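Accompanying notes for the structure given below.
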Amino acid sequence: MPKALRPHPDRALPVGEAREVARRIHESTRDLPLLCFHGHVDVALFATDEAFGNPAELLVVPDHYVTRMLISQGVAPDRLGLPRRDGTRTAEPRDIWREFCSHWDLLLGTPSRYWLEHEFAEVLGVEVAPSAETADVLFDQISARLAEPEFRPRALLDRFNIEVISTTDAATDDLAHHAKLAADLPGRVIPTFRPDALVHLDRPGWSDLTRQLGELAGADTSTYAGYLDALRQRRQAFLAAGALATDHGHLSAAATPLDDSAAARIYESALRGEVSADDASSFAGHMLFQMAAMSAEDGLVMQLHPGVLRDHHPDIHAAYGPDQGHDIPVATEFTRSLRPVLERFGHADGFRMVLFTVDETTYSRELAPIAGVYPTVRLGAPWWFLDSPDGMRRFRELVTETAGFYNTSGFVDDTRAFLSIPARHDLARRIDAGYLANLVVEHRLEEDDAFQVAKDLAYNLARTTYIR
Amino acid sequence: MPKALRPHPDRALPVGEAREVARRIHESTRDLPLLCFHGHVDVALFATDEAFGNPAELLVVPDHYVTRMLISQGVAPDRLGLPRRDGTRTAEPRDIWREFCSHWDLLLGTPSRYWLEHEFAEVLGVEVAPSAETADVLFDQISARLAEPEFRPRALLDRFNIEVISTTDAATDDLAHHAKLAADLPGRVIPTFRPDALVHLDRPGWSDLTRQLGELAGADTSTYAGYLDALRQRRQAFLAAGALATDHGHLSAAATPLDDSAAARIYESALRGEVSADDASSFAGHMLFQMAAMSAEDGLVMQLHPGVLRDHHPDIHAAYGPDQGHDIPVATEFTRSLRPVLERFGHADGFRMVLFTVDETTYSRELAPIAGVYPTVRLGAPWWFLDSPDGMRRFRELVTETAGFYNTSGFVDDTRAFLSIPARHDLARRIDAGYLANLVVEHRLEEDDAFQVAKDLAYNLARTTYIR
Amino acid sequence: MPKALRPHPDRALPVGEAREVARRIHESTRDLPLLCFHGHVDVALFATDEAFGNPAELLVVPDHYVTRMLISQGVAPDRLGLPRRDGTRTAEPRDIWREFCSHWDLLLGTPSRYWLEHEFAEVLGVEVAPSAETADVLFDQISARLAEPEFRPRALLDRFNIEVISTTDAATDDLAHHAKLAADLPGRVIPTFRPDALVHLDRPGWSDLTRQLGELAGADTSTYAGYLDALRQRRQAFLAAGALATDHGHLSAAATPLDDSAAARIYESALRGEVSADDASSFAGHMLFQMAAMSAEDGLVMQLHPGVLRDHHPDIHAAYGPDQGHDIPVATEFTRSLRPVLERFGHADGFRMVLFTVDETTYSRELAPIAGVYPTVRLGAPWWFLDSPDGMRRFRELVTETAGFYNTSGFVDDTRAFLSIPARHDLARRIDAGYLANLVVEHRLEEDDAFQVAKDLAYNLARTTYIR
């Protein structure tokens, strides 16, 4: 007999005296609208509003949390349908789905398991757990459901109670989908400006992208000054399309400005295809400072996501491209790295920076002390691997005593997996409810304050961080 | 109706089965005398025994934990009365107090909140919570109380049950206040020798201070040998004034000795105003080793507080001076850095070193292993941002299994805020009681042992660490 | 009246609702056979099967966890009987034992205390706690017991329910004891190949060992090629003797290959006694890569234990030799350091690497992300100082959400202290039971899954990690 899938109503809440308090707190936040100010859902989904395909292509192939776990236990990427760069066909959806279902137990104890159980039970109406035996039935059942009109992306936007969702868009994106959405769903689906590919001079394709940037912006990117001007103009275009923020993924948080002539010299060497790795790295740090300067001018909130060594395995990268789970964090430094930005803009009106990390050692040592004094800095939600029950609990335990609650920026789901969004926000609200409930029963916080803080963490802080 | 301020008797104790045990343990330590062997209360307070002024100047302006949190949420330093270096008048006490009271909720979940609630309720007899509405009443009520004789510093010394309190004094301090106190309150208020300003050759004012050192010591500081001699003599003067310890705040824990000629050469370059940043940094490390050598001779306990990048924001530093909350920790290394000192003095009779950190990653990795084998090393209490309920709990969880209880040095309050001292010790005793109670109910420690350990942590270990 | 020694049946299990669940889980794993695939018990013990001597030489002198704690509180190494290199007699067994018993309270809160209480009560039948008063009685009682036939090593192997135990053997060991054991107890006591002394070119005695290696392998180690060949042949000899794994203790995890001519050049400089520290360090990293390459060929599981600065105190090392408790961890990096190995062998069939650390900061930041994607990597059990109740709990909390359960490798006791082996496995099973029980009562794991995972962690994962 297949095992029932029934996420418990008290899941991820604390036990003992704290449970009852946590339940009440969670009840008070569970139905608040979702603000999704940082994520990676494809804008085309909302622009075209087409039905999702099959469960494998919706829930497995694009979810690197899931595929990496299966790969780690010896399932070949091809069997999971990871799209090969050379276009070679890999696996069939139904076979991918069987592979996933028969390895369901690998996800025990992981956040993917909580999210997926929530999605299965509460979004897709699935009542049995995935397994080799149930794989085919689930495939058919979910496929049928996805064909129904109420499972179209825009319908789910309503059902999920999503007030605003930001996508993440390359600086060279033409924003056509966003233009359509601004007309259809004003203010509800907005872009985020991501210039990473333009500020890392040694990445393949940089010069083509830079030329494209110039064309889009009507600026001459054959000079450094023109390049800065083009970036400034694209930021304006994003602002006009409703953007509230920029996003920056750098290996290091270093943000040391170069002088103009040095920056121009490096930029020109890159145009000639002759930039050194060291120069490219200095330039990336320089541009982080420039982006802060532009944010101080135009008001776009600057989100920084440093500290991940991308594409750790070259053969995987060559075969399948980036973002295939082979990205590994490194130790990250903020205190010295961000000093130039904070010296200049740390107390500047109009500037706002949200800091994320995958290096938990920086929570109590650097990030909470920084956010606990600089009025322009907020701490982002636990990111990537840390967006998990224990990861979120540790975040609160490690930052609250120094940064308080009000220097954190609210939850962001940061996901490509649209169907997981309610599950992710719900899990965050449960963990915060549990953290607050523990403070209440230890008489470190009064219950009425806990309710107010819970609402602020679940909704108000995201709003006031990004909309100013 | 204003909200009542009533710190719960069980605050910061664990829940469930452990609470009853924790209560009993806390009861057994709560009335032990306070040993305050490291702190920053102004000696003049006790020497003159004048009444405190108003609540703003007592509880807000000098408390950088409080002011940094308000600044982080956009309250300008001037509105908090931070004294400007240029002497410009900033805010009036009553306005500062209103600013503080109306932002009371920013402190939710922080140790400042626990300390202040304790001070308000148990020291000052305040019965309503601070808020915009209650600010004026509280200002007047506390002001009146501070004018009463039993709120004079020396009266509070008795009421707080403080057995000994150490101040922290520049090596160039003339110790006149301490001389008076040695007569009035023998052995109760003692100095600590802090030579930081003299060993960092590139700090502004170094050469004046060094000249002053020479004068005080009757030694010729125009040579490196005379400088060492002057330091040695000042240490003797501090010893004569009752000092038990020295204190060293360095950016790094590096303590690598130079050879004499290299040290002399750098010292002389500094006298000429020509020292390089690298040389100054090497010299600071060299002097850390020299200070260890002197401690091995004269028996002053050596306290090391490394790893904070001071004055992170130059404009704030220029306007308001040091210690205004803009000090941010950095990753700190002990294993290699302290090796020269430990090779030489780690097993030396008469040497004693107490290590503090704001980098929690070093607790289990470096500090507990070091203190768990070197007989001269003790681990200091969780420092600065870590002197908080969860911070203190993590300290015990991360060091006890390797270093045991008896290689830790007891609690130090490390504060300028005299009125917060009982609150800080009480909170530490609660957290230790809770930690021990959890071990008891998990059958990892027997209850009679827990009572003995609690007493040792609360009182005996501080005594045996500093008085030898 | 002496204090009774009665380890509580629920020791180290969680409190509250989780206890009953944890008890049931622990009951389901407590009697599973022990797989001891990494440890340091002396093979001669099993080969000769002689009776153990006195309690001091069995339980105190060789246990650096115990001796370091006593040394840290001022007990001189000589009084603990640490054998001096010069052969000087130090203390008598009974005096050592008295020293240990009278300092029993120093071990409060440490894992040594739990292990020893378990050994005393459940292995040796001791019923009173050690103390100055009970020292002599215990010495006599334990000495008498150790003389009984059922306390011989092989009898204990049965009583402890040890299915397989690996020793750790220098690559130059002749494996004579293992040959005898392969005949007497086939497959039960097996060697592990440890080449550390041969790959660190600047350690004293390297050239003698290398000559010895050549002789054992019948290869010419006067060339680099011959040296590699000799290592390859010794690995075959270990395989033939039943070895499943190699073990590598390096200061850094760096594993960057040199090209052959550079490696040969450094090797030759070492033969001439002229190797520089930098070259020796590069060569060690190169050999880590070579060892991975050989593991990929011959299938020996590669265990890596990096990040400990050995022999931190030169005088102690000079007087007493290595492994005397003066080994201190340093910050360790894996993401970049292991990249060359993972690029080449991270997805290679037949390769298997088990990673250990004493730097907990790497758990969530580097190790779990690496093991959570590379099919060849498993995370080793919490090592050394971290093999403790809170250390093991933190390990699960910090790695499970990213790496799951099935990328961890099961418990290894890693000890020289044969009598502590059941205590160590039991404590690990208790902590895992508690971790799983907490997940169950927080509705993050279903109870039937928890039982399966517990069995996998306690037995199956060790088996499938090492036997392939």
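Read from first to last, the chains carry the letters A, B and C; within each, the first residue is number 1.
Heads up, the rule we're going with is that contacts are C-beta pairs under 8 Å (C-beta built on N, C-alpha and C of every residue); 3 or more make two chains touch, one makes a residue touch a chain.
Protein names from UniProt, one per chain: A, B, C = Uronate isomerase.
Here the structure is a predicted model, which means the values were calculated and not measured.
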| query | Shared interface numbers for subunit B (Uronate isomerase) and subunit C (Uronate isomerase) above half of all numbers used, same, or below, different? | reply | different
| request: Could you report, rounded to a multiple of 5°, the rotation needed to superpose subunit A (Uronate isomerase)'s C-alpha atoms on subunit B (Uronate isomerase)? | output: 120
| task | Would you kindly tell me how far, in whole Å, the mean C-alpha position of subunit C (Uronate isomerase) lies from that of subunit B (Uronate isomerase)? | result | 40
| request: Two or more other chains in contact with one residue: find those residues in subunit B (Uronate isomerase). | output: 16, 331, 361
| message | Looking at the complex, which residues from subunit A (Uronate isomerase) come into contact with subunit C (Uronate isomerase)? | response | 7-8, 10-16, 68-69, 71-74, 105-111, 114, 309, 312-316, 325-331, 358-361, 385-386, 388-391
| message | For the complex, give me every residue of subunit C (Uronate isomerase) touching subunit A (Uronate isomerase). | response | 16-18, 331, 333, 335-336, 339, 342-343, 346-347, 361, 364-366, 368-375, 377, 397-398, 400-407, 438-439, 441-445, 449, 452-453
